[in-house]
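What follows is chain A paired twice: with chain B in the first complex and chain C in the second.
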Partner chain A sequence: MSIDRVIAYLLRSWLLLALIFVFTPIIISFIFSFSPKHYPTLPLGGFSTGWYEKIATEATVLPAFINSIKAGVIVAVISTFIGFAAAYTDYRYRFFGKNFYLALALLPPTIPVLILGLVMLIYLSRISLVGELHSVVFAHVVYCIPFAMALIRLRLAQMNPDLESAAWNLGANSWRAMRDVILPFTLPSIFAALALTMAVSFDEYMIAFFTSGISETLPVRVLVFLGGRVSPRINAVGSVVFTISMALVILAQILLLRRRGGERAAA
Partner chain B sequence: MPEALLVLDQVVKRFGEHIAVAGVDLDISQGEFLAIMGPSGCGKTTTLRMIAGLEEPSEGEIRLNGKRINELKPWQRDTPLVWQNLALFPHLNVVKNVEFGLKMRGVGGRERRERSMNWLERMSLAEYANRNIAQLSGGERQRVAIARALVTEPEILLLDEPLSALDAHLRVRMQSEIMQLQKQLGITFAYVTHNQSEAFAMASRVAVMNSGLIQQIGSPREVYRAPANHFVAEFIGSNNILTGTVTASQGSQVTVETAHGTFQAPTQDPAPAQGDTLELVVSADLVAISDHAGEYDNVITGELISEEFIGSVITLYLDIGDGTVFRVQKQQHELDTLDYASGQKLYASWRPEDTYVLPA
Partner chain C sequence: MIDGPKNRRAPKIDGYALFWGAPLALWQLAFFLAPLVFLVVMTFWTVKNFRLTADFDTVNWVSLFSKSYVIDTYFRTLWYGALAAIGCSVLAFPASYALAFKASPTIQRICIFMFITPFFTSYLVRIYTWQTVLYGNGALNVVFSYVGLGPFEFLNTLFGTLVGYLTLTLPLVILLQYFSMSNIDRNLIEAAHNLGCGRLRTVFMVIVPSAKTGIILAGTFAFILCFGDLVSPTFLGGGKPLTLSILIVDSVKQGNQWPRAAVVAVVMVLTLIVVAFTALYFAYRVKKPKT
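Entry: the complex of A and B
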């Protein structure tokens, strides 16, 4: 066996260990969410969906879950729309201060969420918008736009820059070219952006904690649980949040990677 | 006389400080095949894009059928373009690509499909109608691009180096296909290329551009045999250019002394005076070659440095002193009797009347 292959194996094992390290707590939490007992012990001593039934009937969990879904959907739609507009502006136009515009547009995720949550709280309370679900939506949209924009920009960058002009040349006005060429071409990334921004909003805790007030979202509820007595309900709620977020992220990945092969051949 | 189909009248295009097109006058007649040729950055593509409305002229006027079209948006005119990279829509299949122009003009579904299929049949692509663009070969894509541009039956078709991505063999085949198509349709083709052989092979008229200006416009034969200036003579790759001083002028001939010998050339009107500096152009295909003596009156000697085969044509490169290269182009069979090797001294000669004197 050559030294290169030994190194390759070692690196792969290292990666595997790192992944195990990261995912172990999540997997354990997932496993124990099906335990019938109050305290996590091994062996599990049976399989039960009791904790899921319990959280489903708990007065605080279901509204929080519905809040999270509502906020997630609205945030996904608004931030993908604005993200698309921002990405298209970047793709299509050259103007003075463009780099500044791009930096500004991509800035929010680089601000620590603690700070972002806090300033959002102060800002929204000044304009009397705080403590409702729409405050969470507002703050999450600000936070999510750059994710949507980044995904859609990536797709636009793969587009032949002459395609839009070619559509005009064939008689399509700006609006038809947008509808018949740009939108269909970017559609996979638009769906991916919807899924990803929904995932980001769905499991975001810090900003939601500061801005949600009485309309708490699911991650906020989880943390409230933690503040009290440790209960296996957390395993169940956590698993639900994790599964939904992961499903959305994986969906985004699939949408982005699909059809690549065919287009590469066309390039 | 009625005005030509398309007229460019002192058209200028500036991009900030940069002048891409510096005042172009051009008449394109109904039904002609015009090639606009020049090195990259000469302004030929910008000229074409202005005709298509993708750029707006900074000065001057563009008229189609006598009507100013400067301000018309690209979608308000019918000037389809075949793009250098084809710009086919990757998310649409073949027939939907072809239909696009009709759809944008509000042609109904059934008529749209019928007219597109007719074009696909004409380009022998009917069986590919429902394929993805990615599944087509280079030549097939080329034909889809042409069908897509022609489906609206425009008066003029613009082509921007459409064959540059194809291999040499396919390029020649597509050239004759495009020529035939133009003859059958009888519509105007404006074809931009940097490739001289492509322009000469296809066009009925050639415009040579450099630095944003048209240097010469005429039939391929005129441009080839009688270049208007040094740039055109140089750009037509098969020319040898010799600079010299007039030492004598008798009747219809002048004697010109150059660094590489003294040559006879026909005089032009007005006849150059003794002491004038002239540029002589000798087309590489009008030169005879021998290993012992010059066949014609104008003789130049040089060492063979390399040779190049293009099919049946061979180009010999001679070093005629201080690194100056002299080209001789021959049919392969004409060189059968000549025994030559690299480094050998050869005699290149040509008739005085085949010497072209560049206008001063």
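Entry: the complex of A and C
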């Protein structure tokens, strides 16, 4: 019995170590963002909000931040709409070439972002669409659709397929059934998809680096800082971005959970 | 509308169907498939006097593959990806095993949430933080100096690159392994124990085969992510020795060698496709029972 216990402790310690490894850079970045030193190390040597003031006043950060928000919102809306439409098509229809259709929808995240960025830059520059915020949007939507589609498709899989048929039999046409049956049922996953795709777009740096040109987004700015070697501003930027992303994720969680709770109450 | 229940599976293709089906097809054809096709076309273009010229010339393919450092870089990147995938899978396994079998449901839920969190932090920021932790006077060496060790050179080494790869892949691999193991029928494990199967033997004869699909898929994802990663080898590995992703960026930076970058990119995509399909084959292969 006791050897089982020892093994269990060892395994749990390993799990703890894995958690520590994963969270070390996240927590340290947060701590170092308040360090006054240019080369932050241990001991910290004081507390300062200097790096936050620096990024707040730096001419390149705020526009990048605004670009990121703009791109994130537009990407979220477009990719969630397309993701919903594709998920619904997959749910309801069977047609020739469906596997190809699904591959088109789900493959982009398996292509390295570096290559997606390169490909988009080459392609968009040929059709003269490169170097503006909209080129980031085109590329990010491609990358975000699978996430939105997967979330909404999972929700549709929970739906009783007879519900839609019942609406049709009661005289609703397809559009009416969509509005009164499908949309209300999938609404929480639609909001979750909006938040998730916005978070993905908000964090994505490689595609944006290639396609954004002069309209750089915030992660691209971080990449530029990183290229210029040590710059604790990254910690401050990272902490701000982390807070926003987590807020979006938690919002998505709450929306999904509240819905589930509501169902339980109704049942 | 009273012609009986409709056949859900074969509705007619009308305006309604097109409205929902077409956006994805149009968008991905225009901004995903067309760019990829164009990438292949671009590999046959040439650069003359720093100007890109439409052409049909295999010069980029020939010149890249005749250089030994390109071949070396290709196999090095393959090796790094394999090392990261196998290393990460091995390191992740005890953790996901502990999570699946040695943790209460509450702990499991908390840990899942914690392993999802990194997906929403910037990978760039995490790599930058590793830089500040790993460099000569960084936090890790300070900790080592307290116990009278070091300083060690972590940055600009393979070790640094691997730390970056692990940062990128560990949460995903643990989650995928965990989900595949948490679905294993506990009776199976119980049965193995009752039949006198030892602990390690149970793990390798019962649990690993049952969770095979998830374990292989997790390793494959790790390979895909690391094989194409630019950030870790550049900022933690110091950019030397080269990987394919650094080669792409260098080709673009030095003299606008877009066609060469395109060749490298096409080779990378082809490699990933081969690896992914091989992995899928092994992940979903059903072993024929021995007779």
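Assume the second predicted complex is superposed on the first by the 235 of 267 C-alpha atoms of A that agree within 3 Å, B and C clash if a C-alpha of one lies under 4 Å from a C-alpha of the other, contacts with A are read in each partner's own complex, and residues count from 1 in each chain.
The criterion applied here is as follows: contacts are C-beta pairs under 8 Å (C-beta built on N, C-alpha and C of every residue); 3 or more make two chains touch, one makes a residue touch a chain.
Keep in mind the model is a prediction, meaning the values are calculated, not measured.
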Contacts of A:245 with chain B and chain C, given as first, second, both or neither: second
Touch count on chain A, higher of chain B and chain C: C
First, second, both or neither for A:18, with chain B first and chain C second: second
Partner chain in contact with A:167 - chain B first, chain C second, else both or neither: first
Partner chain in contact with A:114 - chain B first, chain C second, else both or neither: second
Which superposed partner A:81 touches (first chain B, second chain C, both, neither): second
Which of chain B and chain C A:237 touches, first, second, both or neither: second
Residues of chain A at both interfaces, chain B in one complex, chain C in the other: 165, 168-169, 171
In the complex with chain C, residue positions of chain A that touch it: 7-8, 11-12, 14-15, 17-19, 21-26, 28-29, 32, 39-42, 81-83, 85-86, 88-89, 92-95, 101, 104-105, 107-108, 110-115, 118-120, 122-124, 126, 138-139, 141-142, 145, 149, 161, 164-165, 168-169, 171, 174-175, 199, 203, 205-206, 219, 222-223, 226, 230, 232, 234-235, 237-238, 241-242, 245-246, 248-249
Complex contact set, residues of chain B against chain A: 52-54, 73-75, 78-81, 83, 85, 87-92, 100-101, 103-105, 132-135, 148-149, 152
List of chain A residues in touch with chain B within their complex: 160, 162-163, 165-173, 176, 180-181, 184-185, 262-263, 265-266
Chain A contact footprint on chain C (complex, rising order): 1, 5-6, 8-11, 13, 16-17, 19-21, 23-25, 27-29, 31-36, 38-39, 42, 91-92, 94-95, 97-99, 102-103, 111, 114-118, 120-133, 137-139, 142-143, 166-167, 170-171, 174, 199, 224-225, 227-230, 235, 245, 248-249, 252, 258, 261-262, 265, 268-269, 272, 276
